[in-house]
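Chain lettering (A, B, C, D, E and F) follows the sequence in which the chains are written, and residue indices restart at 1 in each chain.
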């Protein structure tokens, strides 16, 4: 384990990103470590899990590893892709997961943070949803995570501008459960975690699962969904999608033509 | 009628909890009185209903009467249970119901308050969702009330920590329509009620019903629902559920093992 | 084109209400102009649309033209009515629409503003949802717009009291993405629009469409919906509905009897 | 009670149409008698209800009373209309209802028969679904009754041709549970009813209610439903709708232009 | 393994009931053996599974073991009950399951047969759905299996009369894919199975899963489902339910009072 | 126009396949002609459309052009693919479409026939659903067409065996509205069409659209649908999918390994 570190103490599990050189990017390697770590922690008596970056991080996580995005012609957010898989793992874990958010959060890492149950931020937290900058057609379940927490108008602004939300804005938009001073972030988070460990794990597990199902219960007819998939495919087949990835990797501004 | 008092003036109905000795607990007796009171008030020309505790109350309501929870093996939140029934009555009433919230609100009384249409609080209001403290598997429609008002992340914190939300936190989470000074709470509430009485009761009634149906329109497939019921049954069949009730009645901290 | 003016610059389209004498009312004539204007702008390279009133407006829009409401016996909010049609146009437009809100917003104009993707207000903005003042049974998809942005309790207060929400209240209720000083309103809005124009229009278009479908995905069974239509018909067949319209046109307070 | 007769024997209730002169038409008067009769029978110990015409009837029921259809501009199949109301009564009755079908069944009477739980026919039974002959935009819940029993392709043929289905065709399409000789129709029906009376009424009641809810569980989004209502309104506002009713009453062939 | 026997040949798995003394009853022991057998067969290269009774059986399976039904107060068809579990196993198996049906099929065994993908019967096949004879409130997902195969009116007759459907009636109601002579039953079934083994198992697996999900996609709102559970609970709490079980075990006719 | 011929007489449109050399395959060229032909016919006063092969055809249509299936890695049944597009066109056409079925019907042509409103066959009609022979993961909306007409068990047999259904079997399974002698097929079909032209086109149009929406109203949650897409992608990324196409084009039996 090199890209993350883990800890289990007093029934509180912690996974800490540990790849500052690559801005804690959610590469398939990192996600694979996270999935193994969660499985290992669950063998202990973990009753709550904290997901965090090391103290003092400027970047919580840079999100998706753009190098790993498929070339045009393939869905960049398919069901079995690593990022999409870890989001489901976090949401299906029968214990609460707390995102302790220090530093900036980018793209898929926003979705990871929103897939946690409770989000605690500090002044250095910021949140930037980047798919419109790269030309990615975000997927339905991912978009639903944002709507369920922020309401439709804040989610739209975040996606359409692809600009970072400051910690205050995130708090106002309802994204953060708590906005605390960076010095007290750790104490605040672990105290809340400790309280949770004293409650009934069975009751908590079933309530979390019910919320997961209710929040996802925005069902669409097969025709509607297939139309969405058709629209998304048009986008990931487009020149703009290729341009977006290339520009990102070449660290230049993309030029989108809508084709 | 001993556990509540009622009033009807200028088309404004009021039900006031009147059982301070037992912290305005929502016993089946109290709920039965409330249901009768609502029926009686509706025979008058009530156009809005206010639900409140007496001025100066420290506790708005203690919620569920834990003595009345069934022993392990039976669903503690079944469709015809008194608490679940009064929630439906409030939501189905074709006139607005305002919760005027002075003092602390516990467990099922939170659900009662959230089942009202408009929530007005003051500095002494606080809200504590206790099922995870007792080991109760909360039910789907109840959880949906919280999600619809607070969003998923605030609802999760409230349920998982089982800690009281202060009035400010409740306002920030969107639970309170208004947070006003305790001295002006009554005036503020009755003035809003008076405004409502002047509007079209037919228009209001149909809009309330539409909102009720839309807010409940998170449909689940039969298989999904039966799985939830199975998970909930595992919880109310568990040792922990028995321990939770016993500990509460013995006024000691429960020890949950997850079994 | 007399009731609105339009502009297209740097891929930013603007539609400005231009009928101050009639408080920018959403008459069928005005809406017809808007629909044509949108079609014309889309032939240019519009990547974002701003909907606004002229600088210094006291009234952003008075909403529905009450003169055009049908007499009792006909649904006042039917699928092909002009107001309902323009709401769908705005929501289905494959580019973001920003409501730049100076002045008061009334009735159907609130629904128009909420049908925009991003709402930016200033101190003079206010929002008043009037159907309960006139006796109109609002329609399901319209009510859903409010729930999706404000949550159920704020939406209920707005509809039941029919009182204006101040800019601060609107911001607190989550209706406004941003509340800025009136002097900086224009700059703030056009800067945000400019940022959007640089992002991938294909990605934005498909994300907007997904949000539209997810937000509308509160499906109801045929029986439930037909019951709602039955309830709504009872209202628009009622004496109160006629009284509401008449009183409004006679500029007097209506007297509602619930019949 | 003149338009129907009723009987209750051995826990078997019977309602017999008794208006041969008007071909047992489902006028509001007849339906009102039926609703009262059902209420009266339920006070007895009815465990099954049989709906029938007198022995030897050529016409089971002519269906909707076309004289009572509203003029253009009003929905001819609204929620509180008598026919729509009796359909719901039959479906919601917590005991099985058997349609004993001798003679021809027309329009709304087909819907009534299909709203029964078990359909037993004989050689003289025939079924004709007439709305396309008159120009009526049939309603969603009614159409769903046909789909649930016949599948979509048989339902479409029946509606589009408006031709009578013979007893054999009806049996083949799955509309009839049993096709028996006219002489044995009564015995067959009452023997089946007698068997049902010996089973658990509670078990039967809850199974019937579950089937009703499952069969209706084809939920549609608010937008979709409002679009349907818009389409239906276009039809009942049309010239063709007026022509259809007029031609029927004048006993001539209508000339439809699609306007 | 005593209650069933298993075989795997040419990629065709077979599970044969082997408990004629107890009429191949679906006791928890028998089901446990089936679940283990399926797991073992899947380790081989099984591409289709046949579920059958021994040649010449008079009873395919007697269904639920009534001795194992819980006493009043507990749901007799809960999510984790053995019968309900084996139904899900069969439906979720990623290969086709063929029910080869010789002899009579009772109660829960009907549900097992209908949970298979293809049903092949012979003249001795008959199908009797018994819950109304015992007083059991059947569960939602089980009822849905019947509706999806038979349509609502045949399902209702089967449940309400609790009379056996003959092979011909079952074929007419669409329950049987094929009705063949008893001598050719085995050859017919194994030939069809052999054809299936030559097709693409991946394609078949995903099509089966899609059909499972579509057939279950009759979603209900939380309120509706909780109401159903409330109704079902009233039934399994009733005197009649106890009477039904007792009478069955005492081999006498139950007397139901509706209480 | 070479691959089809069209005719419009007495308000009855006819599209006749005209490519016997390639067995009336549904190539993108043929479908493009069909879409243009439908548009042209609609400009006339077409009130019903008949889809047919020339008299005496052995093959009604061979279905999908396997040469046009994409290589592994791309969804072979995407929303904008020609076959999927023509299915939607037929279903959305506001007039009835009758499939007049002489000869064998293969793969996608089965879906085309089932997308018609009324199916009329003769002794030479047969229906073979081939995706499991080629290794294609059929799509959700397509599968739903089969379920809605045949019920789940007949649809499963058809897909899993990939064997032709004879005309009698198709009639028994409910796929055919009518099975008539080949000599009377044309007269029977055109007489039914003529009857339809005399009925109200507005009434028919809105009923067809309601049936389309109801039949599609089997909504799935985003997570469920994305899981299905993930499963389908695994299949069209597989070796077996490539083998299936190659074997078909090489006219040999495929060897599927499940990989």
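One rule holds for everything that comes next: contacts are C-beta pairs under 8 Å (C-beta built on N, C-alpha and C of every residue); 3 or more make two chains touch, one makes a residue touch a chain.
All figures in this text were calculated on a predicted structure; none of them were measured in a lab.
Chain centres were defined as the mean of their Cα atoms; on that basis the chain farthest from chain E turns out to be C. For A-C, the equivalent interface within B-C, A-E or B-D is the one where over half of the contact pairs agree by residue number, namely B-C.
Each chain gets a centre from the mean of its Cα atoms; for chain D and chain F, those two points are 33 Å apart. Work out the mean CA point of chain C and of chain F, and you get 43 Å between them.
Residue positions of chain B touching 2 or more other chains, listed in rising order: 140, 144, 151, 174, 214, 217-220, 222, 231, 234. By the touch rule above, chain F contacts chain C in their complex via residues 214, 217, 219, 222. Interface residues of chain A, counted against chain F in their complex, comprise 73-75, 78-80, 84, 88, 139-141, 144, 216-223, 225-227, 229-231, 233-234.
Note for the complex: chain E touches chain D at residues 131-138, 140, 143-144, 147, 151-157, 159-163, 173-174, 218-220, 224, 228, 231-232, 234-235, 238, 240-241, 244, 253-254, 256, 258. On the side of chain A, the complex with chain B involves touching residues 96, 117-119, 148-151, 174-175, 177, 192, 195-196, 198-211, 213-215, 217-219.
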